[in-house]
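Right after this note come the structures.
Okay, so chain A shows up in both of these, paired with chain B first and chain C after.
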Partner chain A sequence: MATAFPPVTRYELKLAAPLAGFYLVFFVGPLVLLTIVSFYTDTKMTAFGLTQYARFLLDPFSLAVLASTLWLGLKVTLLCLLLGYPLAFVITRSPNWLQGLLIIVVILPLLTSVVVRTFAWIVILGRQGIVNSTLMALGLADTPLRLLYTESGVVVALAQVQMPLMVLPLITAISRIDPNLQDASSALGAGAWRTFFRVTLPLSLPGIVAGSLLTFAAAITAFITQSLVGGGQMLFMPMYLYQQASTLNNWPFAAAIAIIFLIAVLGCVTIFNQLGRLSRGYAQV
Partner chain B sequence: MLDRRQMMMTALTLGALHAFPGISRAQARRLVFATFTGSWEEAHRDVLVPAYRKMTNNADIALDPMLSVDQIAKVTAARANPPIDVMLHDPGPALVAIGQDLVEPYPVAQSAYYKDLISDAQVETGPAPFFQVVGITYNPDKIKTPPTSWKDIWDPKYKGRVGITNLNSTLGTGWLVEIARMHGGSEKDVSAGFKALEDLKPNLGAVAANPGQLATLYQQGQIDIGPGNFNAIQILKARGVPVEFVAPKEGAIAFKTTIHIVKNTPNKELAFKLIEAALSPEVQGKLMESPYLIVPTNTKVKMGGEVAKALAKDHADMKKKFVFQDWVEINKQRSAWIEKFNREIKI
Partner chain C sequence: MMQPQRPDPGHVSFRLVMGLLAALAILLLVLPSFVVIVVSFTSSYSLRFPPPGYSMRWYAALGDAWQLQFAAWNSFSVALWTTGLSVLLGVAAALAIARSTSLKAKVLDSLFMSPLVLPALAFGLSVLMLFSLAGVPISPLTLIIGHVIVCVPYVIRTTVAALAQLDTVLLESSASLGASRWYSFRRVTLPLIRPGILAGAFLAFMSSFDNVPVSLFLRDARTDMLPIRMWQDLEGKLDVTIAAASGVIIALTVTALIIMERTSGLSRRIR
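And then the complex of A and B:
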């Protein structure tokens, strides 16, 4: 009897059905609802129109909030990359026992709640925080500096909070690079820096792109850290959205803000992805 | 043998029953009271619920603590069969709920306690069983002479040490209206208040995102003085944080916290009983004591303890010392003020 066995490497799409169903009900459904709500012209939700979008897109203040949120994300991403890359590099080069230890240190923040990590930053940056009391004890400052409720404070806190999202993909990407390539490069006469810029960095670009994407997306939507370290007067998109939805009960405008934010973020993600694609070509040359 | 498909169905059904417990008992449901989170929930669980159980011969009740806005969202989403029977609201959200036709008028004629409430608490859409009071909070370790007036906050010696909240909160909005009044404005026109905020900028050490965060900033020494909620400060004080509350000579700002029967509730009778319990002098008297220190609205409750010491010795004194605001007027322009605050107040 000749029974045709199905090929073992073929997976049935049906296996993904439960997850697909879950997403359909709890993600696609609400997203469609959100889009519909954003097209109502009034808070009582009776008539359809484009007023909410016009209100946002024609208002320089709202656009400035959007721009400053994306700019914040960019700064956090760059800082994470700057600090995270050497860390990831060192981790991949360290002996095994140290590697495990370092990875635990990197992952550790992920195991505590964002609220806890953010509160720690409030304690560090406050008027009587560690930074200020050290500066004053050393005589470098007479009065406490204002570190909390400043944009730099938010950037630093967010960079620490989101750091694992940058470092983990980087470790994966860097450790996948064949060490022979670096040896070959130096055997052919390239110095350490030249090897790094011509070989290691281009080959780790996929990790950089993945890490940047995650960090960027997490930083711009980090409502808790933004509002606790930034305070109630620093307005970024998540707080703007919250204010409209929750304090003012203006759901259509809040929905429109959410959709515009979503599209802007998708735009940024596309740009990152394009960079990633370019890098693949570059790495092969 | 058990069929694979059957097993899947059973598993799914069990899962669904777990995820949506409403399926199995769609009809009779216990009373659900949406209180606020934190100390409110504690006070209601320990004092109000036992009193209600006694009144109703042990009827079942569930506390489901959530923010006003979530209460409104949940009830709006299922108007015909609301998942909540009794709502609790600050003045702003209360008006939204009433405006959206989500509340049942309170059956005043049947109520034993309604007539004993002070006149400001007698609201037919839902009476006010409690007040929240806003006055000056300060750190007595760092500020030796207790402040007496809102004006003290503008004193240059408090440079960088004042904390306020933005207008998202009832506290922030109410305080803006009060300082506007102090400078000749009113609920209709707060431009004088915004001017005063502008002058306060050098003193501002923090604009907190919410009243909860504002309170914790005293603990960290980030701020030493500012407007604060009486109950929030008492909680901090009980935990050993150096904070004091004073009612300013202009009058402490009082907000009504109103309690409402939700329209179309299947438990109207029980909802009424819960609210009656909340209005009763027994419950209010107990909630006035430490550690709750909630300001009573029933005139039959004799003021005592910290409430009498810091706020008012009786209800007549309270009427003189408390400032009530017109939230119907405030709500009309609140969104414009929030926008103005967003644009202008940057420290």
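And then the complex of A and C:
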């Protein structure tokens, strides 16, 4: 098989032309347009300038919205990792029948409507919800706690909504690790914790990076969960963008918010990808 | 010196911590669907959990909820069209880029995948700007176009993965036995990658049916979409009819997932 692939096994690049054209017109085109609109100084879109960017970047309120959105994404990602890693680890070590069942349990929320899953959290965290009724039945609280419309509520709800995105790449990464390495580690006298932190965890870094990237990107743009569980008091970038575009009809400012958000996300994606490249090198050693 | 048989405290604590965290994760994943299903059978007007009594009244109320029905039908037909277009465009593109190592194919691959990581709300706004500045009125067609951009990556991903597993020897032998490219495609390639395409189509359908960020900007009164209708209902008041609608959605999703798992081994392809 040294002669590479004979042509019969490949298809021409031409076949990608229809979709490439479609993307050019309806994906690249709009994004270019978005960039242009963000440089208009007024809502009637007559003059160009950096007004909208200055308005965002010099405004403590806007910067706080951006910071709290990225911070939220980080917290959700860490919670997903803390719970998702053990789950992925247990799944890879389960017998076959259980493995199939558990993977279905992981995938099901991924396919269930986000509105439905968020609605569930309203029921769970509400004043008469399951958490409050349990706490009051156990005598741990006299009056219902306010759990809905708090940031912790948003973090937990988002962690549930995005958890599958973390667990699936982790399952792939952990099951790729040669089990002999773990056996060798324990045969050489390392305890379970030491083996985990010195062998399993480092070797699964590519999966951690891939899962974190997906979770983070999804968590910061999760408009529905943020607005329904967070309520009116907490403002994150997606809602900020939507308010400016739809309610206030301020397209240039909405476009600037979108561009700043896009750049922030791309920045995070780049950092994650760099980490991924480093970790792949690390995992192969 | 070396006694791997003896259960040391480290071993026990490791298994305990891992097991507990994994159990917590499973609880977190399962609990919401379970709670919604229980609450949807409540007999009261509130979302109290556990419900004071059980009845089917909210499922009966769905029969009169014409706004939800209308939105559900719109979401269904938009998702169907989106899936059809995504499969057509996506499978062709996947064939082109799957085994190619050229730079062009790499660039196209990352372009096609980028809607998965970019904030979809920013894309929704930008595509609304395109249509309105170009003077194209919002219609079901513009909505479907927006959906295809965010749904086609799923089809490409699963189809490329299926093509990567395809043994090229089969194509070589088919060609050496005199089959034309088209014949080989229809009789060898297509049957072998069909489960991959099917899984991608299913994911595209579900993600279109559930899409909010794009629909938010591209819908109008004629194309009221189910997730947005439900979101707006929830913003206003906590209506128990939404619980029944959610129960129906969960039941349909579970059924579809089981069918897809049986026919195309979805869980192996989704990773």
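Definition applied: the second predicted complex is superposed on the first by the 271 of 285 C-alpha atoms of A that agree within 3 Å, B and C clash if a C-alpha of one lies under 4 Å from a C-alpha of the other, contacts with A are read in each partner's own complex, and residues count from 1 in each chain.
By definition in this document, a residue touches a chain if its C-beta (ideal position, glycine included) is under 8 Å from a C-beta of that chain, and two chains touch if they have at least 3 such contacts.
Source: prediction; values computed, not measured.
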Superposed partners chain B and chain C on chain A - clash or fit: clash
Looking at A:221, would you say it contacts chain B, chain C, both, or neither? Reply first, second, both or neither. second
For A:233, select first, second, both or neither according to whether it touches chain B, chain C, the two together, or no partner. first
Counting only touches as set out at the top, which of chain B and chain C does A:47 meet: first, second, both, neither? neither
Going by the contact rule set out at the top, does A:248 touch chain B (first), chain C (second), both, or neither? first
First, second, both or neither for A:126, with chain B first and chain C second: both
Which of the two partners, first being chain B and second being chain C, lies in contact with A:89: first, second, both, or neither? second
If touched residues of chain A are counted for chain B and for chain C, the larger one: C
Applying the touch criterion given at the start, work out whether A:191 contacts chain B, chain C, both or neither, answering first, second, both or neither. second
Is A:101 touching the first partner chain B, the second partner chain C, both, or neither of them? neither
Per the definitions at the top, what is the overlap between the chain A residues touching chain B and those touching chain C? 122-123, 126, 128-129, 227-228, 242, 245-246
Touching chain A in the complex, chain C uses residues 1-2, 4, 8, 10-11, 13-15, 17-22, 24-26, 28-33, 35-36, 39, 46-50, 89-90, 92-93, 95-100, 102, 104-105, 108, 111-112, 114-123, 125-130, 133, 145-146, 148-149, 152, 168, 171-172, 174-175, 181, 184, 203, 206, 209-210, 212-213, 216-217, 226-227, 230-231, 234-235, 238, 242-243, 246, 249-250, 253-254, 256-257, 261, 266-267, 270-271
If you look only at chain A, which of its residues touch chain C in the complex? 5-6, 8-16, 18-20, 22-23, 26-31, 33-34, 37, 82-87, 89-91, 100, 102-124, 126, 128-130, 133, 156, 159-160, 163-164, 167-169, 171-172, 186-187, 189, 191-194, 196, 213-214, 217, 220-221, 223-224, 227-228, 237-238, 241-242, 245-246, 251, 254-255, 258-259, 261-262, 265-266, 269
Flag every residue of chain B that touches chain A in the complex, lowest number first. 67, 69, 72, 92, 96, 160-161, 165-169, 172, 205-210, 213, 220-222, 334-335, 338-339, 341-343, 345-347
Touching chain B in the complex: which residues of chain A? 61, 122-123, 126-129, 143-144, 146, 148-149, 227-228, 230-235, 239-240, 242-243, 245-250
